[in-house]
Amino acid sequence: MLDTKYIALIPLLPLITFFVIALFGKNYFPKYCGLLGTVSLVASLILSATVAYQYFFVAGQVNGVYQPIIAFKYAWLQFSQNISIDMGIILDPISVMMIIVVTFVSTMVHIYSLGYMHDDPRRATFFSFLSLFTFSMLGLVLSSNIFQIYMFWELVGVSSYLLIGFYYDRPSAVAAAKKAFIVTRFADLGFLVGILILAFYSGTLDFQTLIYRLTNNTDSLQNICAASFMGVSALTWGLVLVFMGGAGKSAMFPLHVWLPDAMEGPTPVSALIHAATMVVAGVYLVARLFPVFSYCPAALDVVMYVGAFSSLFAAIVACTQTDIKRVLAYSTMSQIGYMMFALGVARYGGESGLGYMAAMFHLFTHAMFKALLFLGAGAVIHYVHSNEMKDMGGLRKLMPVTHLTFLIACLAIAGIPPFAGFFSKEEILTAAFNHNKIIFGVAVLTAAITAFYMFRLFFSIFYNKEYKPHEHDDHGHDTHTPHGEAPFSMLGPLLILGICSIAAGFIPFGHLVTSDGKPLETEFHLGFAAGPVILALISIVLAFVLYRKQSAVPDRISNALKGIYRAAYRKFYIDEVYLFITKKLIFNLVGKPAAWIDKNIVNGAINTSATVTENLSETLRPVQSGKLQQYAIYFFAGVLLFAVLFIYLWV
Amino acid sequence: MNSLQFIVIAANKIIFLTASTIIFYILAAIVLGGGLLAVTSRKIFRSAIYLLFSLIGIAGLYFYMNYEFIAAVQIVVYVGGIVVLIIFSIFLTHEAGADMKRPAWTRIIFAALAALFGFALVMMLVRDNEFYPSGAPAVDAGAGSIGSQMLSTTEHGYILPFEVVSMLLLAAMIGCIVIAIKSRTPGTETADNQSRRDAFGTTDNL
Amino acid sequence: MTNLTILILVPLLTAIAVLLCRNAEQVKWTSLIGSLSQLGLSLMLLVSYMNERAAGNKAQMLFQQKCSWYSAMNIEYFVGVDGISVAMILLTAFVVFTGVLISWKVGTLTKEFFFLLLLLSVGAYGFFISLDLFTLFFFLEVAVIPKFLLIAIWGSGKKEYSAMKLALMLMGGSALVLLGMLCVYFNTDDGSGNHTWNMLAISQMHLPMDVQRFAFPLMFLGFGVFTAIFPFHTWAPDGHSSAPTAASMFLAGISMKLGGYGCLRAATYLMPEGAQEYSGWIIGLSTIAIIYGSFATMMQKDLKYINAYSSVSHCGFVLLGIGMLTKTAITGAVMQMVSHGVMTALFFAAIGMIYERTHTRQVEQLGGLLKTIPFLGTVFIIAGLCSLGLPGLSGFVAEMTVFMGSWERADAFHRFATILACASIVVTAVYILRAVGQALMGPVGNEHYLHLKDAGWNERLASIALIAAILAIGMAPFWLNNLISPDTQIIMDNISRAAL
Amino acid sequence: MNNIGLEHILFVSIALFFIGCYGFMTRRNLITMLMSVELVLNSVNINFIAFNKYLFAGKLDGVFFTIFIITIAAAEAAVAIAIIINLYRHYKSIDVEDADQMRF
Amino acid sequence: MSLDFFILMKQELFLTLIIFVLLTLKVVDGIKKNPTVIHFTNFLLLVNFILGFLGNKEGELFSGMFHTNGILAVEKSILNLGTLIISMQAFDWLKDHKHVYEFYILLLCTLLGMFFMISSNNFLMFYLGLELSSIPLAALVNFDLGKLRSSEGAVKMILSSAFASGIMLFGISILYGTTGTLNFSEMQPYLTGNKLQLLGFIFIFSGFAFKLSSVPFHLWTADVYEGAPVSVTSYLSVISKGSVVFVLVSVLYSLFRNWEGVWYNVLFFSIVLTITVGNLFAIRQYNIKRFLAFSSITQVGYILLGMTAGNAMGTTSSIYFMIVYVFSNLGAFGVIALVSTQTGKESINDLKGFYANNRSLSWVMALSLFSLAGIPPTAGFFGKMFLVTAGAAKGNFILVGIAVLNMVISLYYYLRVVKAIFVDKNENPLPKLNGSMSLNIALIICVLGVLAVGFASGSFEYIHSLVAQAPP
């Protein structure tokens, strides 16, 4: 066993940094906040590296199988006898892999931000938020308790909210932040209910116990399979609902609407949160519960189809977008779709676990090159102060390093050997091929489209036309004439990530991260691999032809397939549907009536009772006429009334 | 039944219709008639006089039940006191001759109905009710015995009520004086002069 | 600190001292010192309570004091605390202390204001510690008049209407409570044939079923009016929004909790069978309150109305938890009382401070405040996040506990109610974020907002104290949980005993 | 007179009582209302005397009660008339309908 | 004349003594200055009040014409205290009134009447006491000699009370006719409950109800209260009402105890009517005296509610509430007396912004009103609570429910006045009023009473013990 106390430091360091910067940073050392954040993060990067080493190569394996290790845990909130939220740390291949990814990318982004946010007045806030996010993300991946993961899930969501809304004086940013939070919150509702279902039947919230009880033939498994609602077993319900939460975070169709808008945030944030780490939380969640999922093919099919559809959908939309960050956002969505259906096609253990491994692998590589892409795009945007393709072009000469690294990333994502993307994608395709031909077809198609739009992007940024600087302010930076390429603090990360996106492919993932912890040998068929690569190359050439030089051809094509193009350009009107449902239906059909009823009926009833009393007293008024004889009559009548009443009627 | 029996019964009735009975009916007629007229007559002075008759009739009833003392008190206090007081106040408010305004018909009808109903109710109850005489020998109700009992502190002594009622009379006297006295305070000057003039005026008319 | 009577005396004496003060400054400082020492006392109470428990004292109520008051009617001054009351007392102390701080700038009739505020707190403290039904009711009603005056004199908007409405509806509620109490009282029998008001004694005797059938709804509804049970919640929005800041803090923070506490301690605990009989109704009403309250909130434009309606929705969780009749849910209800108390106090404080500066509470007239008054903006955001149940802040813990507890009821009806309640957290997010987005973010709404002064020392102190409390609950809920769950267990035992 | 029973006399008194009530309710003149009250009191007197005479001749309770009633009636009448006169000074009228300054 | 005579009748005798002393002083014109007279009388009343607690014992005098015991003596002392407070509050009004002697003589005569009525064990004494306590009162109502409303009120009072006592007498005569005696304890066994006797009871009860001004026999109340001088109004609303309450309790519980079933229904009916109608009228009053008149009608409803218990609890709570009521109502009336004597204003609207210049007076007023509304921590809360509890003893929760819900309405109109005083804006509020020393002392006594009587359970316990050992 490895000594586990210090592991807690990995998430705690960023937390401490967050508090320090948030409380004192702004007033006392605004200059050095970034530095502080970076340093502490480097520290936790080193720590996690050690942990990874310890786990993978020293202590993790028990007779050749990676065992989950509970570093520590204590009951944080005891609900009842055996149901409790524990604060714990679990170490197993995926979590270790994730902390590496998170800390690494986060470090890169921190360094990058040192340059990128250099002249922003609210640096301190920015870095504090970054640290908060890193903490939450680390906590999420290390969670040993399904409710703990839910908590960090929410925390991640809120820090993403804060970071998207960082430029809060821009209404669009505020709206985007709000949208992101609410959509994911809606998804989390499903997650919560799913947790409730699973916890109710398994009688625990602890991952290991839960997985044990729901996979081995215990009576909780029988109960949860026996219990059914609307003809679907409770197990499926629970898992699908949990997956709903994952889909929300990972921007799976139809919960993806928040992701493109989320690009309103500063580009480093997009790189960290909306490309590399947070958005893959959904994948991670499914992977975490994978043993249970594998007991429920129905749930896995849902995962598979949703993933496949999302990847294709996003790829198509990406072809039509002109805002480079949006293109990247959709490509992210598409890649995550890849991972999802990779999980969907996998099964527990052995060969059938290939998809699982592939998904994790792709997650890893994707983190690298997607972060690289975003940071590169950030550099470009930093340079031209615009997100729009039309404002770019011909930057090749002006920013060579960015150009190079961007090219590497594009090749990686397009799956061209020997770049990282190739290996992971190839595994996924194999898994899909073994499991389901349709999915395989979708996957290949998507791969081709991906290659196309990525290079469309690439060419229209760096080639296409001569760059002419223009006065155009987008970020609230003060505009200035084109300066040299970005400072080293920004280029450094680009280079490092570039190297990684080449090297990451050669990591023998099959030996490290597998569904059952046993090493998995992956053989490599050249023939099988060749097909997708050729397709990708073809679409790259196509993009080259279309966008190498400025030409009217693309417009002609888009005019040619007008309807489809417009639909794709308008993201197939999903946003409009959402707007209709929320603004029109919920507001007008639920909210307004509720307010109206409260104002007029409920409150009206109270007021009415008052008025009724008033009127009653008004009607009684004449009795007190001030006329003595009338009083006498009432008196006399009263006596007679009492006499009759109590002598005859009411005895 | 044959006619003979009928005649016999009728004869009996006529024979037993003795003087006292007749007296009672006369008295009752005086009392009730006087009362009715007193509460219906439109001329206030007349209704005072009718009241007088009615009260005298009541005194007569007391005689009839041979409580002479009470009858005497009745005549002295009511006839000699209250009615005179009332008549004086009528003069003071100089409405002796004037017709009183007629009350609203609805009120008259309602009051009449209510009174009749009440009368019927009480009368019915009294008829149905069984009165139990104590059967104790009648004691002397002469002035002497009443006087001595009134002032005795022993069993059936009425000294305490006597004292209390004397306090009451004292209080009433003081109250009347305070209220009816011609106040000299400037605050009520005008009203008083007014009323004094009216009062004298009335007495002159008399 | 084991002498509970001190808890009543300190604020009382402070109030009297306030009356004797010469000028406004003296008044403020006196009441500040008084409330601060009260806060200290409550903390000491917490400590000594925990020590007692740690020392293994198993008595249901600790630090009992009992002396006969109206022996002719068996009315006793009988006080004692269990974990729940301790938590409530702590909450009250916090809210009153911060309330005093917040209302530092009360312009008119300072003396009267603080006097009434302290009097109000006397009522709350007494209510939470008293174990005798009569005394309980006494303290419940003590609070009515100060509320009325505070709102009617220092309030804003249609204050007179709101104050009158609040006073009357709460009076109506306590009238129902009174009826229920009497019905209970006359059906008790302390062995020697006398009736008793002693709650501990009553909880041990099974009241006849028909009595409970009659008395429970009266009592529950009566107390429910205090915690804004649907459809008797309409006093809350108007009252909260018209009240001065401190009063709103107290109203939403404590007064509504009086109701919840009463529902638990007086209604459910004393009449478990009744509780089971009517739990369906309770759940139905509270679910309606939760959902409908949150949707009504979505339509509000006035910050205070937003928070007021959301309080209705949040207090729905309290009643839901009680109605579910599972130990976890009831624990969650109590946690929700505490957490919502602190949270809503912070919220109203923030709103009040903003209103003090901008003189408007209409969200569309505000905007960009986060830039101009960052501290207040942050406070507001933290309150908002707490209200939408962000982990690490108090709201999350409480609501999740309620959900967990509610989910233990496995039949369709309870499941349905629970899921609806869960759904409300989405709506909560919607309205909170709308408010935050419109009021704090976006372009600055009005150029004179640019020269607003940020929070002063008193406001900072108050906000930080409340935030500290929120974090203390949110980050380390176990102490609160361990504090109250044994006593909810006792209540639960009573209920399940009734089930047999 | 053996056939003049208690009931005959009670008939008279009860009738007188309700006549008095009727008068009190209908007469618009304060003084006549006072008279009606006197009628009522007298009917009560008759009652007492009659009961005392026919049923409880052993004691004189009724008789004494009557005496006191008469006395009190006198006092009452005196005060009432004093007040009426005082009122008359203000209103110049003793019509009861005018005395409705205070109402509702 | 044994010593017993002096001990048992000590309060009545001392009161008579006071009356005659005043009479003599008036005749020989002993004291010229009004204030001296007032203080002198107040002192004597104080002595009499204390006398009420010394050497009480149970006993009968004049063959049952007069009987007394501890609780009766306490009741008398309560009335005595109330009269004392009222006369202290009347200082500002009386100090230049030219009939101060007469005022006191009449006042004390009515008080004497109430004493006799309370300790009467005989319908004759009861009737005499009743008249003695009401006829001079009519004269007192007329004591604002200049004022038209005063004499109008007096007329209304004397005529309607004469009518009422006429009807009551008729009832008494019926009971006499059916039982052959006037002595309560002798009459009690003969009350077999045949219909005629019930009729008599109804007539008698309506007489009581008239004095208590319970609906529908209440209509005279508001007008008379409004017309009378403030001090007399407070006397009417507290003392004379209180005395009738005491008598009614003892009559119902001792004389008519066989008919509990009957009079419970009767009370039920009149309680519901009284509380509701009283509230409905009070809602829309603007003259503060009329307002208090209707509020006092409602209070009577609650007292009757307490009586329905029919046991020691009922008696105790009613008597206890009378103590509370004395303090609370007189507190309010004291303020009104000051306002109306110094500014002549009697409308609630005139009280708007009263708090601006008269802090302490406003608080006195507010406290008294809260106490009347039954809001803790004032004594009124306890009073109301015990009445309601007593009322619930029979388990009739419809009745209690109606009563309790009516508390809400009553809270509304009390708060209306409070709102006028504290909240409403008024460009020219009433100036600062400073009352005489004796008025202030009286107010202080009231406030202390309102605050203390509730918390200190002593008075309640004392009364309860007395009731327990000797029911009135």
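A, B, C, D and E are the chain letters, set down in written order, and residue numbers restart from 1 in every chain.
Keep in mind that, in the parts below, a residue touches a chain if its C-beta (ideal position, glycine included) is under 8 Å from a C-beta of that chain, and two chains touch if they have at least 3 such contacts.
Nothing here was measured: the structure is a model prediction, and the numbers come from that model.
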**Q.** Path length in the contact graph (chain A to chain B, fewest steps)
**A.** 1
**Q.** Any chain in contact with chain B as well as chain E
**A.** A, D
Q.
Report the chain whose CA-based centre is farthest from the CA-based centre of chain E.
A. A
(Q) I'd like the most central chain, judged by C-alpha centroids against the all-protein C-alpha centroid. (A) C
Q. If you average the Cα atoms per chain, which one ends up farthest from chain C?
A. B
**Q.** Centre distance in Å when chain D and chain E are each reduced to the mean of their C-alpha atoms
**A.** 27
Q: Determine the centre-to-centre distance between chain B and chain D, using the mean Cα coordinates as centres, and give it in whole Å.
A: 6
Q) So, what's the distance in Å between the C-alpha centres of chain D and chain A? A) 97
Q. If you average the CA atoms of chain C and of chain D, how many Å lie between those two points?
A. 65
Q: Provide the list of chain B residues touching at least two other chains, using ranges where the numbers run on.
A: 103, 107, 111, 114, 118, 121-122, 125-126, 131-132, 134, 156, 158, 161, 165, 168, 172, 175-176, 179, 191
Q | Overlap residues in chain E, where contacts from two or more other chains coincide | A | 124, 128, 131, 135-136, 138-139, 142, 145, 151, 154-156, 159, 163, 167, 177, 180, 195, 199, 222-223, 284
Q) Of all residues in chain A, which are in touch with two or more distinct other chains? A) 621, 624, 626, 628-629, 632-633, 636-637, 639, 643, 647
Q) What is the complete set of touching chain pairs? A) A-B, A-C, A-D, A-E, B-D, B-E, C-E, D-E
Q | Residue ranges of chain C touching chain A (in the complex, touch as defined) | A | 165, 169, 230-231, 233-234, 292, 295-296, 298-300, 327-328, 368, 370-371, 385, 388-392, 396-397, 400-401, 403-405, 407-408, 410, 418-419, 422-423, 425-426, 429-430, 433-434, 437, 440-444, 476-478, 481-482, 485
Q.
Give the list of chain E residues in touch with chain B in this complex.
A. 16, 19, 23, 61-63, 65-66, 98-99, 102, 105-106, 109-110, 112-113, 116, 124-125, 128-129, 131-132, 135-136, 138-140, 142-143, 145-146, 151, 154, 177-178, 180, 194-196, 199
Q. Okay, in this complex, where on chain E does chain A touch?
A. 155-156, 159-160, 163-164, 167, 195, 198-199, 202-203, 205-206, 210, 216-217, 219-220, 222-223, 261-262, 265-266, 269, 277, 280-281, 283-284, 409
Q) Mind pulling up the chain A residues that touch chain B in the complex? A) 629, 633, 636-637, 639-640, 643-644, 647
**Q.** chain C-facing residues of chain A, complex
**A.** 75-80, 83, 85, 147, 150-152, 154-155, 158, 161, 165, 168-169, 171, 174-175, 177-178, 181-182, 185-186, 189, 192-193, 196, 199-200, 587, 590-592, 594-595, 597-598, 602-603, 605-606
